[in-house]
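Both complexes below contain subunit A, partnered by subunit B and then by subunit C.
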Partner chain A sequence: MRRALAFAWLRLRREPGRMLLGVIGVTAIGALLFDMLLLSNGLLVSFRERLDRSGFDVRVIASESAVIAGPPIDHVSAKLTELGRKPSIAAVQRVRVASADVADHPSTRHLAVAGVDLGAPVPWTLLEGAPPNAQASPAPLVINRNFARTFHLTVGSPVVLNGRCGDASRPLPLDATVAGVAEFQNDAADALTAATSSQAVAALCGERGDLADMLLVQSNPAAGGPDAAAAAIRAAFPALHALTNEQIVERFSRVEFSYFRQLSSVLTTVTLFFGLLLITVLLTVSVNQQLGEIAALRALGLSRARVMAGVLCESALFIGLGGIAAVPIGGLLSRWLDAILRSMPGIPADARFFVFTLHALEVHAALLVIGAVLAAVYPMRLVATLPIAATLRREVVS
Partner chain B sequence: MTVPVVAANAVSRTFVMPAGAVHALRGVSLSVQPGEYVSVVGPSGCGKSTLLHLLGCIDVPTAGSVLVDDIDVSTLSDSARSALRLRRIGFVFQRFFLLPMLSAWENVELPQAEAGVSRAERRQRTRELLEYVGLSARASHRPAELSGGEMQRVAIARALANRPGLLLADEPTGELDQATGAQIVSLFDRLNADGTALVVVTHDPEVAARASRSVRMRDGEIVEETTRPCC
Partner chain C sequence: MRRTASFLAVVLLTWTALAAAPAPADVLVSRQLLEREHLAVGQTVELSSDAAGTAARPFRIVGVYEPTPDPMRFAQERLEVRVHLPDAAALEDRLPSSSLTSINVELRDREDAAGFASDVERRLPGLTAKSTAAPDERTSTFAVLDRFHLAIAMVTVFGSGAFLLALMVMLVDERRETVATLRLIGLTKQRLIAQVLVEGALIAVAGAAFGVLFARAAEPVFNRFFQWRYDTALVFVRVTPAIALRCVALAVPVGLAASAIAGWTILRRRALLTVGR
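Right, the complex of A and B next:
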């Protein structure tokens, strides 16, 4: 095999046009293949990273049918008190999301306002200003950069919000002060997002109930981690649905993101097929052009296995060289495609569609190895079944 | 009694064609002793090349047997036959069949590499062979840069690479002009004088006349054998 590989390498070096054609073709096809592999799992990996970055590892909702937005959870304060006593739970946060707009401003764009317990761990990362104080008056408001930029707000700026939520007859204007600028989880690049205390959001929407759309839980790693925390929540409140990050990712993988996987699987198959076709054609043409030489080599004593190995090695070199070059080119291409997809409206700014993983690289390599073998099957069969005497006779006659 | 380098015993070869069976060889027997020089002559289609292919173990007889160094070739696997060809039989073809992307040196070196000869030995043997055929100065040239006679001399050097006891040549001067053909024939004389058994299939009476034994074929049979008393 070593001799066959060395000979195949020599042949390709001496036929640079053919080598270039094959390697460039495989590089282009391999880059697309690599991107499909990055895409097939990228959104899920990125989603998982974002969930983990939030600092909360269990999410509690009222209905299993909707992970993000569903019916609210009631009597939240009592539930928080009880959950706070569980040893497997380190901290619990409530989230109530409301819609509002900025009073006395020409912009008609609504903003999302999250009401949370300001004394508990919060689902944002503060970039400017100070952590908001629940007792402060007017209500402290943490806003995202886009909000600050759009409404020319800085830390300390006063702002009045009109609620677009709850009972339309009850909402009252909310006087607030910008306490900080922060980065929020799942924020789209063009989103207007703010957060304040849960009491302020209740007032903004005119709500009297003690409601939350979701509870965010930090589990206690020393007491069984997220699985134990989720189990404790389910035991305490069987009507609620507690999902660990792992379970949310699994559910998204099965349902919401399965379209991406199917799409990339189809495109991967098509891409691989064209790669195989290219190499098979190149090798078959080359074999057919040299039937006399191959028959002569067989007559001189090269075994059937040796000439087959020669074809396989050529295929491996084409696909190996092209496949290696495809990784950086596919990487660059994926960054460009990622930027296009991320610029779509409503996509969280920190979401990524193409994520490099070692697994994707391994699958890429495995598919190329399989591809090299499959591409060589037909030309290998040609040389294996070549009748030596008849071929020599035919070549002389022709 | 000396063991023949190759012996065909009552070999027949029939090709099944859509238009009907073609009997290329009909019960031919031919034995070649070590160091012997045999020419095979006859009209086109009489079975000369088919006989050569059977002697060279690149085809199998429909009936009869071929023995190389007293080994019945029909008992060998395909890979064992390849190994036998690699080490014991050299082939020279009318159309040379040199690998176009390799230099003359690399073409000669290739069968040695396949036989597992060490790099140092290969280098030594290749140099000797190219000197032997008078092409030392053309060692780095590729076939496209060589004349027909030079290509055939490289092909002869390649055929001799693993020191075979038997060299088979199928119309070795068929693609060459008379003067160049004469050079090749002289080279065969020298080879035979150095102890290599030769079987040369040819249309050329001058080439055939150099052999110590001449076999004439017609319609798949040997019809005449002439031995030159002295060389």
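Right, the complex of A and C next:
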């Protein structure tokens, strides 16, 4: 086999231009194939990483939806007290999301304001300023960088917010002070996000009820982890829906992210078929041009298997060289494609559509090996069934 | 007024007589829900706003509807019912009967939509009003997807261009002696280049036309697959004249360029050397 490989290499080197063009073609197609494999699971891997990074491993909402879309959870304080007694639960955070405008700054885009329990673990990472104090007056506000940039705010700046909570009338404006600038989980790149205490958000919207849109739970690993925590919540409050990170990822892979999986499957199949067809044509034309030479080699004593192995090695060299070059080129290409997709509105700033995994690399290699073999089948058949004497005679006569 | 009931946590089929209960209210069910739960028009079902089925109320299925295809929600199962607003409010006692999620307004003059929306926001400061024709996140999302698909198409064209060039170089190389003979009997380089270009153009146009026809033939296959996969009436692939023209406009120049380069590689050699003299 080594001799066949060396022989195939010599034959390819004889036509460097053709080899280079073939390898460039395989590289482009291979890079696209590699990117589609990265895309097939990228969003899911990135989503799982982001969920795990958040520190909360169970999410509780009042509807079956995996996102905040249903009715709010009521009597939250009593529920938090009861959940706090469960040994499988380490901490619980409440989240109420409202919409607001900055007073005297008419804008087509509204702010998203989250009301949380400032004494519990918070779903953001503070970049500037100090952790907000729930007792402070005016209400302490933690804002994202986009908000700070858009309204020229820094730590200590006073802000007046007007709630847009769906009522025909509007409650009194809320006086607040910027306590810090933070990075929020699941924040879109262009989002205007702020957070304050749940009492301040209730005042912003004129709500009297004790409501939350979602509860974020940190489970206790020593008492069964997220599964035990979710089970305890379901047992205590059957009307609520508790989902572990694992269940959310599974659900998103089945429903919300399935488009990109389907798209990548279709494009992987089309790309592979297309690449296979082109390599087959290239090898077939190449073999047809060298029929006389191959017949002469056969007449000199090279076995049929050896000549067939030569064609297979030629295919392997084309696809191997192109396939290896496709990995770094595909990596660069994926950054470009990722930047395009991440410009979609509402996509979290740290989400990635194309994520490198060892599994993707293994599948890429396996598909290329299969491709090299399949592409060589027809040209191998051509050289295997070549009539030696008739071919030599035709060569001499022509 | 109709309202999509998002609280469809449970659909409890009831086969018992409901003579003592008040007459069931009317409900429309989506085709997807009808098929999944094996329901039928005329059947009485019980709906509840929570998974435990508490305070369930009877409804009579008076019709089935196909949900309006929504490209932003195509991956979600459309398990929905539509009931009269008072019935929905009574069913979901979390919300007061005066509370609504949204109101759709049909204007006499559609051109006035933006003005109407800003007027509503000014008069009712707690509400958000948007014209359905205004550019929103949906249009941006699909513009981004369009750019993504174009980027993939460009990479594919680049790769196939390289393959095409390799093939054209091989094909022209195969005819190098013929070309040299033609040069020796007096045909100019320009004439031979023109011949290679015309040949390349014919192949490129034929290839592009075949590609468009193939895409047109594959269109229903793709659509049926994805419509089956996501149980929706949404159209996923549509080969429009604009897309076909864009495809030809991309493919033909690549074919011509490959022919020109291949022709040049053979014609730059001296004819006598090519025929071995």
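The working rule: the second predicted complex is superposed on the first by the 380 of 398 C-alpha atoms of A that agree within 3 Å, B and C clash if a C-alpha of one lies under 4 Å from a C-alpha of the other, contacts with A are read in each partner's own complex, and residues count from 1 in each chain.
Everything that follows uses one rule, which is that a contact is a pair of C-beta atoms (placed from the backbone, for glycine too) under 8 Å apart; a residue touches a chain by one contact, two chains touch by 3 or more.
Keep in mind that this is a model prediction, so the values were computed, not measured.
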Let me test your reading of the model: by the given contact rule, A:A212 touches which partner, first (subunit B), second (subunit C), both or neither? neither
Regarding the shared-chain residue A:L51, is it in contact with subunit B (first), subunit C (second), both, or neither? neither
By residue count, is subunit A touched more by subunit B or by subunit C? C
Could you look at A:A372 and tell me whether it touches subunit B, subunit C, both or neither (first, second, both, neither)? neither
Name the contact category of A:G22: first (subunit B only), second (subunit C only), both, or neither. second
Quick one: is A:L118 in contact with subunit B, with subunit C, with both, or with neither? Answer first, second, both or neither. neither
Contacts for A:L300 in the overlay, against subunit B (first) and subunit C (second): which applies, first, second, both or neither? first
Considering only touches as defined above, state whether A:A389 meets subunit B (first), subunit C (second), both or neither. first
A:R11 contacts which: subunit B (first), subunit C (second), both, neither? first
Once the structures are superposed on A, label A:A31 by its partner contacts, choosing first (subunit B), second (subunit C), both or neither. second
Residues of subunit A that lie at the interface with subunit B and also at the interface with subunit C: none
Okay, in this complex, where on subunit C does subunit A touch? 6-7, 9, 50-52, 74-77, 92, 94-95, 124-128, 137, 140-141, 144-145, 147-148, 151-152, 155-156, 158-160, 162-163, 165-167, 169-171, 173-174, 222, 226, 229, 265
Which of the residues in subunit A come into contact with subunit B in the complex? 3, 7, 10-11, 14-15, 292-293, 295-306, 388-389, 392-393, 395-396
Okay, in this complex, where on subunit A does subunit C touch? 17-18, 21-22, 24-29, 31-32, 63-65, 69-72, 74, 99, 110, 162-170, 238-239, 241, 255-259, 262, 266-267, 271, 274-275, 278, 281-282, 285-286, 289, 333, 336-337, 340-341, 343-346
Spell out the residues on subunit B that touch subunit A in their complex, using ranges where they run on. 49-50, 53, 56, 58-59, 78-79, 82-87, 89-91, 93-95, 97-102, 106, 110-111, 113-115, 158-159, 162, 170-171
